[in-house]
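Read through the structures below before going on.
Note that chain A is present in both complexes that follow, paired respectively with chain B and with chain C.
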Partner chain A sequence: MAEGAGEEKKKFSIWDLPDVPMGQLPPHLELQRSRVSCNKDAPIHTESIQYSGAYASMGIDNSSRLDRFSNNFRVEVVRLNEDDIEFDMIGIDAAIANSFRRILIAELPTMAIEKVLIANNTSIIQDEVLAHRLGLVPIRVDPRLFDYLSENDQPNEKNTIVFKLHVQCKRGSPRITVKSDALKWLPNGSELVKETRNATSDSSSKPEIYTYFGCSQETVPEFVKNPIIPKYPDIIIAKLGPGQEIELEAHAVKGIGKTHAKWSPVATAWYRMLPEVVLLEDIEDDLAEELKSKCPVNVFDIEDLGKGRRRATVARPRACTLCRECIRGDDWEKRVALRRVKDHFIFTIESTGALPPEVLFTEAVKILEDKCERVITELS
Partner chain B sequence: MLCSQMVTFCGYSIPHPSEARVNIRVQTTGDPAREVLKEACQNLMLMCRHVRCTFDKAVEDFKARNAVKAMKIDSQDSSGDDSEESE
Partner chain C sequence: MEHGFFTDNSAATFSLTDEDHTIANAVRFTLNQDPRVTFCGYSIPHPSEARVNIRVQTTGGAVFDASQYAFFGNDVLEEVELGGLDDEDEDLPAAGLDEEEFLFDQEEKF
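Take a look at the complex of A and B:
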C-alpha cells in the first residue's frame, strides 16, 4: 500500500506537474550529466554520459544529433596574438576536444633540421649534441609548401631546406656565442660534395652532391616575401673559444611530432573546462571576508547590502584554478560548490612560429577529417 | 557512435601500444555494424567541418572587432592631440 502510494507520488511529481516541461531532466540529474563536481578528495561524475538509452526511462532522448550539435556549438575567441590564441569551445564533447589537442601536438607537420653534415667542428660542443640542438630550432616556414622526404626520394627543392653555419673565433678575440641567426639559408641547395670512394677518379666524372635542386627555392614567390630563417634569432646554439671553428650544413625536412618532438608545431596546446563556482548558501560578513581572503586568484568579491552587512559573490569564476582552498576546513564544502562545465572548453594554443595558431587549429581539424575519410574508404 | 540509437554495445581496445592497431567492437540492434560505423565516421566528419567553419568565423569576427577597436583608439588619440593643441 505504501509502495503504491509512493509510486503514485513519484508519477505525480514527474509526469503530471504542469510546470515540469516534458523532455527535460530533473535538476539533480542534469547536474550529473553536464557538470563535473569537484569535491575535496576527488572529482565525481567525470565521464560523459553518451549512451543513447541512458535516460530512456525519463523519456529523454540522449542521442546526439548533428543538428542539435550544429545549433548549440559556439566558438568565442578571447585572445589572439601572433604566437598564441585562447578561445572557448562550447557544446563539444571531451573526446573530440582531446583529439584536437593530441593532433595539434603530435600529428601536424613542420619543418625541422634532420641531417647535419659537419665539415669542421673544433668547438667543445660534441657533434651529436650540436646536431641535436640544431634540430630543436624552430624554422619560420609554412610546412604546407613542402612534401615529405622518404627514404627512396632524392633530396630536392620540394622536400628539403638547406642551411649553412660557418663561424670562427679568431685567436686573440674574446669568446663568441653562436646564436641561431648565424644559420644562413641556401636557396640553391647544398654546397658540399660527397667524398667518392673511387681511387681512380677521372676528371670527367661529375662529383656527387647531397641535394639535387632543380631550381632555386628563391623563385617561389612566398619565399621572396618571407625568406626562410629560424623564427627566433637569439637562440644560443654553441659557444666558441679562441681558435675554434664550426662549419656545417643542415638539411631540414618535413615530419610530425609523433616521430620526434622537434617536429611539433606547438610549444604546447592545452584545454581546461570552464570552472563554475556556486555559493550554496548566503555567506555574509566575517565569513565572506574569510572566503575572499582564502582564494589566491580572487574569484570572490564582497558586495555591500547596506546597513553594514556584506555578502560574498562570485566575481571571476573563469580564473579559478581549482586549488580547492575555498573548500578546505570544516563546513566550507556545504557552502561552496566547485564544478566544471562538461562541454565548455577553454583552449590555449602556443605556436612555435611556423604557422599562426589559428591556422594550426584549422589544420588539426582537417587532419581529423582526413582520418575519418580514410576509415570510410577502407570500410567500403 | 555510442550516441546513435542503433548501437547497443561499442568499445575499442589497443592490444599493444607499440604497434598501431585498434580493435573496435560494435553491436547493433539489427542493422549491419559496418554501416553504423561508416555513418558514425561521416557524422564525425560533418562535425569537424562545422567546427572549422565556426572557428574561422569566430577568428574573423575577433580580428574585425579588434581592428575596429584599434582604429577607434587611434582616432581618439589624434582627436585628443588636436584638442590639446587648440587649447
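Take a look at the complex of A and C:
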C-alpha cells in the first residue's frame, strides 16, 4: 500500500505529496489511522494510534484536547424501547467504549434475592437449586432507593426486600407449575422467627426475627403506585406434584454483577464499530446483479443509469454484518472494500427491567466518574 | 500509592487496588494522548488479585495543578440536572464524560 494506493476512484501517488506537510494526513495514512480494513483473511490496522507524537514527522498533532473532544463528540439515539436502546457514540475511542460496556455488565447495582429461608420444601427441586433459581429472577425495583447490606448491618427496610412463596399442590389435583408471580412482597419484613436452641429460655423472652423493619416499605411513595414484584410474572421456578409443598421466604439485597451475575442489570450490552462499504471501481450490469444477490442483508442496490446500463451502489452499509460474502471469489477484493470506522460505535443495551436502558447508561457514566474521583482523591 | 517516585520526578508507577481493565485502559488511552507523556502503560500483576499498575513517564516539568479538579468537589448530580457544564473546559479529559451525559440528555428529548 506504499505507492499508488487507491482511495475512492482516483489514483494517489506519494510523489504528488507537497514537500512541506500541509497539516492534513495523506489519504493512505488517514485510512490507516481512522479505519479498520477488513480483508478476506483478517482485519488489519485494528489498533488505535493513541500516541500523541505518532505523526510528529508529518507535522500533525495526534493529541486530543478536551475542547476538540467536546466539539466533535456526538451521541445519537437510533432506537429506544422500554427494554432496549440502540445509540451511536461518535468521537470516542474503543478504550472508553469498552469501559462503559464493562461497567454496564459488572458494576451497576441491582436488587436480587440472596438469602432464602426455607421452612418447608417437599418438592423434587432441591433446596439449593430452588434458591439458585430464585436468585436469578429479575425484580422490578429501582436499586438507587436502597443501600448496600454489609455483614455488620442489620437487615432493615432500607437494604432488604422480603418476598414470600407458599404454594401447595393438593392430593388428587393435577401437577402445578410455580411461576414467579407466586412471589408475594412482604412490605413489613420477615414473618419467620429464629429458632433458639437455648433450652433454659423462658417464654417471656422476645423471639428473634430475621429483619428489623422500622416502618413498612409501603409508606415509601415510590412503592405506593408500583409495588415490588418480579419483572416477568411467567418465569417457571418449580413444578409440584400432588401432595408437595414449598414454603419459603426470600430476602433480596443490593449487589453488583462482579460478585454474581444475578446482579447484572443488563441482559447484555455490546457495541460494534460502524461498517463502511466502499466500491473501489464502477460495478456494472451483470457484476452488479451478482453483487446484489451475494449480500445476505441487502447492503447493495442497483441504480439505473439509463440506456439499459445498471450500476451497483451501497444503500445500507450500517446493516453490514461483515460476513465477507461480497469479497469472496476471485477479484472481488479489488472491487469492494470492507472497513470499519474506528471512532463510531453503535451501542446496544438490553435491560432486564430494573432500570430503563437510558438510565442504565447515564448511571454507568456516573460510576466511571466516581472511579476517577476516587483515584484523584487518593493521589492528592 | 506510588512507587519509584523519589529519584526521578518525571516518571512514576501508580498501583491501584480494587481496579481492573475498566479504568486502567481508559486512563492509559487518555494519558497517551497528552503530548507531555512519553510512555504510558498498565499491567495487572496477577488476575486473581484486583490490582493494576499504571506506569507513566513524562517529559518532566508537568506540575500537578489541583484547580483542574475543582468540579469534582461540587454536587455532581446538580450539575447534570441543571446542565451547568459551561466551566468544564480546563478539566481533564476524564471529566469530559459529563458532557456526554449532557448531550445524551438532549437526545432523549427528541
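Brief remarks follow.
Going forward, the second predicted complex is superposed on the first by the 359 of 380 C-alpha atoms of A that agree within 3 Å, B and C clash if a C-alpha of one lies under 4 Å from a C-alpha of the other, contacts with A are read in each partner's own complex, and residues count from 1 in each chain.
Everything below uses one rule, namely that a contact is a pair of C-beta atoms (placed from the backbone, for glycine too) under 8 Å apart; a residue touches a chain by one contact, two chains touch by 3 or more.
Bear in mind that the values here come from a model prediction, so they are computed numbers and not experimental data.
Superposition note: with chain A as the common reference, chain B and chain C are in steric clash. Within the superposed three-chain model, A:Arg102 lies in touch with chain C and out of touch with chain B [touch as defined at top].
Residue by residue along chain A, chain B and chain C are tallied for touches, and C comes out ahead.
Touch criterion met: A:Phe361 reaches chain B and chain C at once.
By the touch criterion defined above, A:Arg175 lies against neither chain B nor chain C after alignment on the C-alpha atoms of chain A.
Residue contacts after overlaying the shared chain place A:His166 against neither chain B nor chain C.
Touch criterion met: A:Asp67 reaches chain C, while chain B stays clear of it.
50-53, 62-64, 66, 69-70, 73-77, 80, 87, 89, 96, 358, 361-362, 365-366, 368-369, 372-373, 375-376, 379-380 are the residues of chain A that lie in the contact sets of both chain B and chain C, per the superposition on chain A. Across the complex, chain C meets chain A through its residues 1-2, 14, 16, 19-23, 25-29, 32-35, 37, 64, 66, 69, 72, 76, 80, 88-89, 91-101, 103-105, 107-108. Chain contact summary for the complex, chain A toward chain B: residues 50-53, 62-64, 66, 69-70, 73-77, 80, 87, 89, 92, 96, 358, 361-362, 365-366, 368-369, 372-373, 375-376, 379-380. Chain B makes touch with chain A in their complex at residues 2-5, 7, 34, 37-38, 41-52, 54-59, 61-63, 66. By the touch rule above, chain A contacts chain C in their complex via residues 48, 50-53, 61-64, 66-67, 69-70, 73-77, 80, 87, 89, 93, 95-96, 98-99, 102-103, 106-107, 358, 361-362, 365-366, 368-369, 371-373, 375-380.
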